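Several structures are given next for inspection.
The following pair of complexes shares a single chain, chain A, combined with chain B in the former and chain C in the latter.
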Partner chain A sequence: MTEHAKTAPSNHTSLTQRLRSFDLRRHTYLLSVVFFLILCGINIALQPSFLQPGVMVSNLSTFLPLILVSIGQTYVILASDIDLSVGSIVSLVNVATVSIIEGMGGTGGAIALGLTTGLGLGIAAGLFNGLCVALLRFQPIVTTFATGIIFAGLALWILPQAGKQVPATVWQTYGGSILGVQTVIWVLTLAVIFALVLARTRFHHALLATGGQMQSAFQTGLHVLRVRITAYALSGLFSALAALCLVGETASGDPLLGTGYTLSSISAVVLGGTALSGGIGGFIGSVFGAMILGLIDNVIFFARLPFEYQGLVQGLIVLLALAGGVFVSRR
Partner chain B sequence: MAQTAQFNGSVTTLRGLATRPLTLALAAIAAMLIVGELLSPGFAAPSQIISQLTIAALLGIVAAGQNLVILGGREGIDLSVGGMISLGALVAGNVMQAENAAIPLALAVTLAVTFTLGLANGFGVTIMRIPPLVMTLGMYGVIQGALVVLTRGIPSGRAAPLLNDFVTNPVLLGIPGILFVWVMIGIGMTVFLRRTAFGLKIFAIGTNEEAAALAGISVRRTRVILFGLSGMFAGLTGFLVLGYTGNVFVGVGDQYILPSIIAVVIGGTSLAGGTGGYIGTMAGAVVLVLLQSILTTLNIDPSGRQIVFGATLLGLMLLYGRQRKLRM
Partner chain C sequence: MTILRARNIRKRFGGVVALEQGDLALGAGEVHVLIGSNGCGKSTLCKIIGGSVAPDGGSLELSSEPVRFRTPHAAAAAGIGVFYQELSLIPQLTVAENIFLGREPRTAYGLVDRKRLRSDAETAIRPFGAVVGQGFGPDVLVSDLSADQRQIVEILKVLSENSRIVIFDEATASLDSKQVAVFFDLIRSLKAEDHAIIFISHRMDEVFAIGDRVTVMRNGRTVVSVAIAETTQDEIVAHMVGGAYIAAADRKEAPAPLTGTAVLAARNLVGRKLADVSFSLQRGEILGLGGLHGQGQSDLLRSLFGAESLAGGSVFLDGKPLLLRKPSDAIANGIAYISGDRSRYGVLPIRSIFENLVIGLVSKQRPVGLNYGALVKRIAPVAERLKLKFPSFAAPVSDLSGGNQQKVVIGRWLAVAPAVLLLDDPTKGIDLQTKHDLYVILRELCAEGVSIILYSSEDKELLGNADRILVFNGGRIVRELEGERMGEFELYQAAYAAS
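Showing the complex of A and B:
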């Protein structure tokens, strides 16, 4: 999200001048939009019903958890850190929420308490990561791996095996619509609006400065410590949101539910054009990156490849997309 | 980061010695043996220690490659080792097919395949300038996919009896062959890193890539070879894992990915590159294996074991995994 930092071209500049001054590095997410559109095209060719509203909403609700986790991961990566615990946070929040709702009898109050506790737990987990990495100065990869083990252990402690159920109102509301608009669209829209507003704040500028050149940001007087901790807390918050969506989607708890999200979210962020070295990129790319990963799965499914080749083709496409994205944006 | 300066140079002060990662790791090993013996008599018995070291050797050998990539700097890391181990075990088992005579061929093919894939990682990282984390993660996905194609999800390939004996049974003085291999790798790595031109190049590019390039070191070629070697060490681990377990399932290598990185860090090699060595990594691998073993001995449920394991890793970070403080 650096586009707003760029001065808008005046109306007098000719189109060629505008094109010439166009810098891909300021619009790191554009490449992911192109990938996304190509994959949509392939998807429509393979699955003609792709554009039907029902199919699109169902695709969106499948992609939504990874989209949310990836938005959260973006903030941490922008600060030049990384969060390997997001998958465990998803699992932890999922089982905690489901256990609270079921344990308190599934009433309206129980649901409200379960959802807010889930969000609070996600933020607390993120704050804990942030304190370890920023305040105690632990190495981010090893630290979030270790905290991820702890969070996963807590999830197993709360619910050793997949099970428990939430009342029908929860999944009916999530799968249905509010004020005539599908709930999943509400969730995505609100998350995007939140991220857009956040991108205009001083925090976000400080975040980009911190990730780009931490030493200079510190010497300029920015609260580098606070920025990094906030980034981890946001990652925890978005992981928790993803976990709540999964509660609505699966209507039950699973202590291993989040396992795949950690590495996928990093892939999504990188596909979206955000640099792992920090300071460059933004959440829009990550949203498209997460949808790209989902569409790749779709395309492979509808291409009717032999089952055993699906993983290999998926791996190759993801590697090529990652390589291509990095290759083009580094020119 | 005072300890990094002391790690390479001579350690003169007592405090310097006490905060040295290797000393800390060895102290942790001693403490865990004592605690383990108190909790469960027989924990520190020689046979038990040897079986723990056998498990640690498997982790330690993958960590050797990981160590090299990390020392080379520029966010060097290899997440593809999990796939490489599984692939190595699969290739070795299928070439070997339980025939003793086919062991040398199986070893050669395994190392050639994983070295080549490691070089591919290296090309992605240097020529295509893909961050190592992303490149090796992508490679991991490709290898996992290829494994499913090769096996169709069914375990295949069997270890030759001789390999099985070499890894699990004593060959000399009650010690299994794998431990001799590990010690030789330990000596080899140390000599390689400290006494050969290539080893010094690794430290040079890991410390300051521009300076190394100006000094005439071919940075790209060195880094490509490092990734190749990491693939090869992972392949060798896969070969030995085959000997340890007898047959292979597709995800056999996954459990080694992050522990191989942690072992390197606990051993005092900085993830920023340029400082560290392999002896510390060996100690780090033993620390991780003993810790897991103590937690198993404690007879607490798996969730409690995980929580304690994660908390202990954080505690170890507190001791010496800390990064430089930002200063004005």
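Showing the complex of A and C:
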């Protein structure tokens, strides 16, 4: 038999294989893109101005905090952990930043210090979660539920009631544009680029491996501990970023601001096709998942449905998306 | 030249001694076979060398320098690569991602170079190209691969590390002969490059085909180390068994009387790990399942219990065909299954001893209004018969020792009085006294007409308690041992015979 005769059939299989290997399990976010587009269609029908740049930017700035929190939550869930403290981190960073900026007189230096402290605080909170879960081997659900209460308590201690003000430059800059591009678009773009780059690192492969099969990852020589802690730190960082966006958006501090973000971010991650069991998925789906949740609110508003339906519809859609995910993975 | 030396390595897991005295001297450019029966400590020794298990004592020297690996990462950095028997693959990742996990090629910017990852993987796969079968490639998810393909990925993963010392722990278990041939060629080229290889296999023909030196382990100790050229298959088996050939010494005095009626019969069973299994079980008999670990024995038992599905064949109970779709089908027909894996298949850990004992009975009672008094009356004699040591029925079962927990699991089934007991390595991690108690009870049950199929990973237990032994290899019954021919030597020979 000639060498050619041997290799020909294998080439053939590799072609059909590549066609078949377009596997929804490797592109779990596609389902959420479809959902997103459908909701966009419905939204356009109900609200013809939806496609106007101004409306789009305003929608984006409403969705942005949840998008950011969900990106962070994705990393933790990919490692097969969970972070129930993200909402409290948002609150804590929000009040800490506002308090620092106001307490130091609202100068340029104060703003810079407030923002960097906010980011540092978010990372520190995430590291604390990570150390408890990975190093001390506490249960992720219970641990982050408890640390969430602690962070929320700290937020209330710093600022017992909603209030305080940041200088106009902060919200003007956030609501305005930099170099001709809307600030919110900058934030989203930079966050997505960051996440895209991160997805191409060895860390990300190690993250998927850790979430996929922790014992195998360990035996392969990966630093499982470091990976899980880093995932929590990233979650803290993105939560802090979301909190800073909320500072720009609301121009004030609110110790209860983050309350809804925890469960919404988990919904967004799941909607985006990331498996709660870890190892499968990615941040792109979570971005779409967060926007889906935002669009559902829009649709309910413009369809003039009673506001009370919001939770019901959101829940049904998450269930539907889960069913779709189950359908795909059980094929 | 000795590159790696292990001296007097010890390890216990809880109360069980896995390794009592592990010694090994590995030379560069050598294929060193490590052999021994189930649970002799060879895998533990390899895991200690590979850094995934920490030893309790002993010393490890790498190129005459004392070393101690706290993590697999440290061992890998020192040039030790391990093929893990249970595999270290991530099912959610692709073949390419798995092969180079943690060592992905990177671009100038430090990011993973996906093109090179893919092409490197293609290069790595090439030697196996003709024998790897359908549906294999760098972009295929490992979860979609068959058992042999996964094993090949694990081989490629270890080889790609290019370690000075490579440990293959049963790397050929699911490979066919063509795949093994390719694998051996790769080992020979490693050898030619002066790498040292530790090779664990249960296939004698492979041991002689590839090995330069063999070290035999028995009961957690290194027994002997000789050059392959200077030994024979029978000599190795004799070392594994322990010197003298044991023939009738370990046989029990009188085999149980058989009434000669088949209670359970299986014809041509085919399953995930079963190939054409046929046998019949007599009333009052203890039928042993022997052979190396994981040759289909557990799968047979779980299939007979309806917990694993069969692809073909038929099961008869008292001559009538039986359809086993789920465990409740088996239970309804008086078939009970007890696993040595108590925590997974046995006890309900946080529940009380009472609840653990009556759960089999409760399902037969009316749904509302349990009669606790009646239940206690039913289980009290069972607890007494099992010599169960317990503080009170209300205490959580997790308060008990492993042996007593297993008694509770057995007691649960005794309470419902089954006709057939399927025992899947039931004495795993249990102390000797309890083991003895359990086997006495099993004999009594047989006398009462209960029929038992027993799989044990401890060959001595099997030989001491079974009336007949079916030896499994690769999902098939390769030999049936009975009477005079049922000795340790015969059992090993049948189990290790070239498949």
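Odds and ends about this structure:
FYI, the second predicted complex is superposed on the first by the 289 of 331 C-alpha atoms of A that agree within 3 Å, B and C clash if a C-alpha of one lies under 4 Å from a C-alpha of the other, contacts with A are read in each partner's own complex, and residues count from 1 in each chain.
The rule is short, and it goes like this: a contact is a pair of C-beta atoms (placed from the backbone, for glycine too) under 8 Å apart; a residue touches a chain by one contact, two chains touch by 3 or more.
Not measured: the values here are computed from a predicted model.
By the document's definition of touching, neither partner reaches A:L64: not chain B, not chain C. By the touch criterion defined above, A:R202 reaches chain C but does not reach chain B. Between chain B and chain C, B touches the greater number of residues of chain A.
In the superposed pair of complexes, A:Q219 makes contact with chain B and with chain C alike.
Contacts of A:L30 after superposition: neither chain B nor chain C is touched.
After overlaying the two complexes on the shared chain, residue contacts for A:I280 are found with chain C alone; chain B is out of touch.
On chain A, the patch touched by chain B and the patch touched by chain C overlap at residues 215, 218-219.
Taken in their complex, chain A has these residues touching chain B: 82, 84, 132, 136-139, 141-143, 145-150, 152-157, 160, 214-215, 218-219, 224, 263, 266-267, 270, 276-277, 308-316, 318-319, 322-323, 326-327, 330. Interface of chain B with chain A (complex): residues 75, 77, 124, 128-131, 133-135, 137-139, 141-146, 148-149, 152-153, 258, 261-262, 265, 271, 301-307, 309-311, 313-314, 317-318, 321-326, 328.
Of all residues in chain C, only 50, 52, 71-73, 75-77, 82, 84, 87-94, 97, 101-102, 104, 106, 110-112, 114, 129-130, 134-135, 137, 139-141, 157 touch chain A in the complex they form. Contacts from chain A toward chain C in the complex involve residues 6, 10, 13-14, 17-18, 21, 23, 25-26, 197, 200-202, 204-206, 208-209, 211-213, 215-223, 279-280.
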